[in-house]
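Multiple structures are listed underneath, in structure tokens.
Two complexes are shown next, each including chain A; its partner changes from chain B in the first to chain C in the second.
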Partner chain A sequence: MSGSAQPVGRSPWEARAGFAVMVVLALIMVLPLLWTLGLSLKANNELLRDTGSVFHGPYTLENYGSILRRAAVFRWLGNSLLVSLCTTLGVLTLSSLAGYGFARLEFPGRRWLFALVLFGLAVPEQSVIITRHQMFSALHLHNTYPGLFLPGLSAPFGVFLMTQYFKAIPVELDEAALLDGASRLRVFWSVLLPLTLPAQATLGIFTFLSSWNDYWWPLISATRSEMFTLTVGVASSQINFAQTSGLGFLMAQAVFASAPILAVYVVFQKYIVRAVSGAAVR
Partner chain B sequence: MSAAAAPRAGSWRNALFVAPYLAVYLALLLYPLLAGAWLSLHKADLFGGEVFVGIENFQRLTRDTVFLQAVRNTFYFVLLTVPALATISLGLALALNRPTRAAAVFRGVFFSSSVLSVTIVTLIWRLVLIPDGGLIANLLHLAGRPPIPLLSHPDLVLPAIALTTVWWCLGLPMMLYLAALQQVPAELYEAAALDNAGRWKTLTHVTLPSIRRTIVLVVIIQCVLQFQLFGQAQLLTQGGPNGASRPIVLFLYEVGFRRWDIGYAAAASEILFAVILIATLAQYLTSRGKGAER
Partner chain C sequence: MARVRLDRLSKRFGAVPVLDDISLDIAAGEFVAFLGPSGCGKSTLLRMIAGLESVDAGQIHIGDRRVDQLPPGGRGVAMVFQHYALYPHMTIFENMAFGLRNAKVAKAEIEARVAEAARILEIERFLPSKPGQLSGGQRQRVAIGRAIVKKPDLFLFDEPLSNLDAALRLRTRLELAQLRRRLDATMILVTHDQVEAMTLADRIVVMSDRRIQQIGTPMEIYARPANRFVATFVGSPPMAFLDVTLNVGADGLARAALADGAGVQTAMPLADLPSSPTWRLGVRPEAAKVVAPGTGLVDAKIAFVERLGDRTLVHLRLADGGALTAEDAGTSRAAMDDIVGLAIDGPVHLFDAEDNAHHPRAPT
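Moving on to the complex of A and B:
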């Protein structure tokens, strides 16, 4: 924050009161997380009697031990990673090519096609789900990796973002390279693409995060447990809440499943915030 | 686009760059959308039986008390969450728009829940909300009060899901407001200070008018997002008790993938599409206006 837009100053007393209010709000914000962490460190039978026992010992890591002994969670983690990476790579490739095409090249129907792509921004995933499901059934793509990542490639946001970005790069750069005898593909690959790295990072982070957290499509497409992504896997154990092995185990699973993304968030916070807010405003 | 940018103007070969994406877009988004519109005019089931029935599915929707309840629930949920999200995050952004280390840490804390998936959020909040040993029940117990069955009471279930959702979604609007606050010209504040305007007056006469469009944008974006409520309701309550927390998307999911009445589900999805389309157009007009203003 540059601090250029600072409103009128406050007295030290006011500043301290404001700080105290913020601390209280932040505590309310993290309380559910701490509660989850606490529960995950307690023995299941003790929680069954009284969850209030969280506030005192003894604490144990046995719930995390049970997770490590269950191969399913690791399979789901691997599935999520694979699907999110494929989606991200696919979106970056398709969007960069299309963005360059729409921003720089002239071809019949260009304006019309771009408007058609923009229209896609208004189509919610849920409204195409019935026919998309039928289609993937007919092609036997359910419970396969392509079946899980292909729908993510159709989202128009990346094309929109990359088109805007390519348009902002001075045309003189391409012209100079073209005069030197470089091909269109070469101009795209070695002159312009390196300049779009910030946009690639934004789009990549946003796509990876959306794909990693997607629940809707894998819930419908992956019906076999070994093809679950982490979101669907964790949901499946949650739905059997009443019958599951225990609260502590369930909470350890929540901590285990959120740890990778929270760790990534702590390290790349600035980029993640920029990517997500940039995507929201379009 | 200037013609100079494309010396080989108008060549079909140039379209090769956009062709791969367009193929995916047509096959996986546009075709399902159009096929869905067509399907919504049919009585269809999983086994391929399709009979053209015109707008009968839509007429059926208008009489279906389960669907109408889902529509009411969805609008009520939007009403519960969007104003809360828009104002709380604005308050946080105003308080945290400072260049200090502490403000950065607070911003990080309030955004952190936004990176979690809906399954983790509901897993956490289930153990906050349940009357049998949940966090709220424990806190009530400390205060000497009986637990409240938040998720099984028809009047409390949507507010409880709304609370969960506000906790989850607070970060994004806060960041959008912060970005907008950074754009407010410092001269405006200096002028206000010269006029001896107080803090409240500066807020209402300088800050809020300057970020007016962002406020509108946040409200629209949140309306679109919250209108698509699904995971929280499906995971926390399965739409219960008695459908009191069933939103439109859960209705669509149940009809389409539990009862396999796919023509009917397609009709419901067209209603959803129409609402989102209107909201997205509003967002487009707002963003475009914002661009033109600068």
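Moving on to the complex of A and C:
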């Protein structure tokens, strides 16, 4: 559709008014981000006097330079990347296999097991956190990478999404492949899995974002600074606000922590929009 | 090409019986159509032969091998699905080559076989395309091509024409008949369309109510239906039935008398017929003619007229409430509510109280 196309039944004035409202709402949404970005580009001593100075120069990249001179930040960034990627790969693998099983295989108790998985959607993380903490403690998994990403692999939504997606693929494709002499594994790998790529992309992006932004579990599990993820590391700097290098530096850290996420949004925005509009499961 | 033998096959879905004691022998190179209404079990039977449904009882033999315990890929069959079932993410070439790659056929051989099938089906230019870029008819050709390249012992077609529009269906039907001659393979077609079955098959297996009702050549099925179901299901418009009583006519042949006493001479010796409390006379439209009132067997009122161009179908209502369709010339001047005479000028069929048909002995 061209940019000048008018929705049916709406006058040009109504369309323009609607557009103006959308622009205002978008500005309101983006204002805190711009504020953070602006503060990150100001010298700390200037911000101590007046944060209003953000609206005029001089601007500096000194805060970003300070980040790059701190080795811990890169360690946290690496930790976040590793944990998020492991969680994402694990969720995609497990959800795809479980989804295929629930959608295609006949086995005793299938419906009950699926209902149990769905029940997992209703269990808040807070209710299991103490038990999980004790279990991970007993298994000596705290302050380890598996300790950080293993809880994220329990993804009932992923299993549900992939089950529904596999169900939507005509079973005749499986049958045609079986008649073509393919094994069950080959049917899954060569025929069905490629057809679930839109759902995989959606699930992968949301899992990555959720894992990257996770704060609570890394805060509990990672007690040593070198095992902090970026969210916990940045927050630890903010908690010790009095000892930090200042507001501009904190804001630069926040921008630095958000940059990978923003990149993911920009690159995969098509899939994200499709997912939130429900198109991915059709 | 291989002989196919089905031996006392039965199938249940849970507590519901779907097929009951099905036995059938298909000669090598024969084209057989499973014909029947929806839910009669014909597709289930085809899927059992393909290995996509398990067999509860009985055996399936393809060639010299018993195959009912083998996986679908090990039976030497290829199937063309109703909805094509092409792999959407693969090109047409990859779709056709998929089965051969699974069978570890050499790359050069795969390319040669795909090229040959594509040439036969005139789909060479689509080989680099994806299925989504093709029309329904083109996809159907690809589905057939995917089956051809495997050089199977047995081809299975599950309502392959039902998704095509009328013109394309006619064309594809002709192409399928030509392809059959070229491939000289054993083929089974499942269809609910009697025209497909009549025009394509060497023999038709009419199925209903979980069982085989009749096996025969298209003309045997049409001219000598085994029972009232087959007589009704095969033929369009369907055979009409009139309640009659039997008495002896000329040369000892049975004479079927309508309620008002008018009689129709049949070709069945009365002595050859079993005793039955009731009888029905089956009349196909081409055996019933419209004549001037008072000059036919009985008079009837025209309930409806269907003008088909080359002929006219005249739906008649008899005085005793019986209904019957008669065929008239394309230029017929018959009109609704007219009173006309009904003449029987062609073979008629007799059905006993249990709906079994009785025909004169076939000429030897």
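Keep this in mind: the second predicted complex is superposed on the first by the 248 of 282 C-alpha atoms of A that agree within 3 Å, B and C clash if a C-alpha of one lies under 4 Å from a C-alpha of the other, contacts with A are read in each partner's own complex, and residues count from 1 in each chain.
In this text, contacts are C-beta pairs under 8 Å (C-beta built on N, C-alpha and C of every residue); 3 or more make two chains touch, one makes a residue touch a chain.
Every value quoted in this text rests on a predicted model; they were computed, and no experiment measured them.
Colleague: May I ask you to decide whether A:Ala71 touches chain B, chain C, both, or neither, giving the answer as first, second, both or neither?
Modeller: Neither partner.
Colleague: Is A:Ala122 in contact with chain B, with chain C, with both, or with neither (first, second, both, neither)?
Modeller: A:Ala122: touches chain B, not chain C.
Colleague: Just to be sure I read the superposition right, which of the two partners does A:Leu178 touch: chain B = first, chain C = second, or both, or neither?
Modeller: After superposition on chain A, A:Leu178 lies in contact with both partners, chain B and chain C.
Colleague: If you stack the two complexes on chain A, which partner ends up touching A:Leu33: first (chain B), second (chain C), both, or neither?
Modeller: first
Colleague: Which partner chains sit in contact with A:Pro170 here, chain B, chain C, both or neither? Use first/second/both/neither.
Modeller: Second partner only, chain C.
Colleague: Does chain C touch more residues of chain A than chain B does, or is it the other way round?
Modeller: B
Colleague: According to the stated criteria, A:Ala138 is in contact with first (chain B), second (chain C), both, or neither; which is it?
Modeller: A:Ala138 sits against neither chain B nor chain C.
Colleague: Quick check on my understanding: which residues of chain A belong to both its chain B contact set and its chain C contact set?
Modeller: 175, 178
Colleague: Under the touch definition given earlier, write down the residues of chain A that touch chain C in their complex.
Modeller: Interface residues on the chain A side: 170, 172-173, 175-182, 186, 190-191, 194-195.
Colleague: Could you list, by residue number, the parts of chain C that touch chain A in their complex?
Modeller: Contact set of chain C toward chain A: 50-52, 71-74, 77-79, 81, 83, 85-89, 98-99, 102-103, 146, 150.
Colleague: Quick one: which bits of chain A touch chain B in the complex? Just the residue numbers, please.
Modeller: Counting only chain A, the residues touching chain B are 1-8, 10, 18-19, 21-22, 25-26, 29-33, 35-36, 39, 47, 50-52, 93-95, 97-98, 100-110, 113, 116-117, 120-124, 126-135, 150-151, 153-156, 159, 171, 174-175, 178, 184, 188, 209, 212-216, 220, 230-232, 234-235, 238-239, 241, 247, 250-251, 253-254, 257-258, 261-262, 264-266, 269, 272-273, 276-277, 280-282.
Colleague: List the residues on chain B that touch chain A in their complex, please.
Modeller: 1-7, 9-18, 20-22, 24-25, 27-33, 35-36, 39, 92, 95-99, 102-104, 106, 108-120, 122-128, 133-135, 138, 141, 167, 170, 172, 175-176, 178-179, 181-186, 189, 192-193, 197-199, 202-203, 206-207, 217, 221, 224, 228, 230-231, 235, 249, 252-253, 256-257, 262, 265-266, 269-270, 272-273, 276-277, 280-281, 283-284, 287
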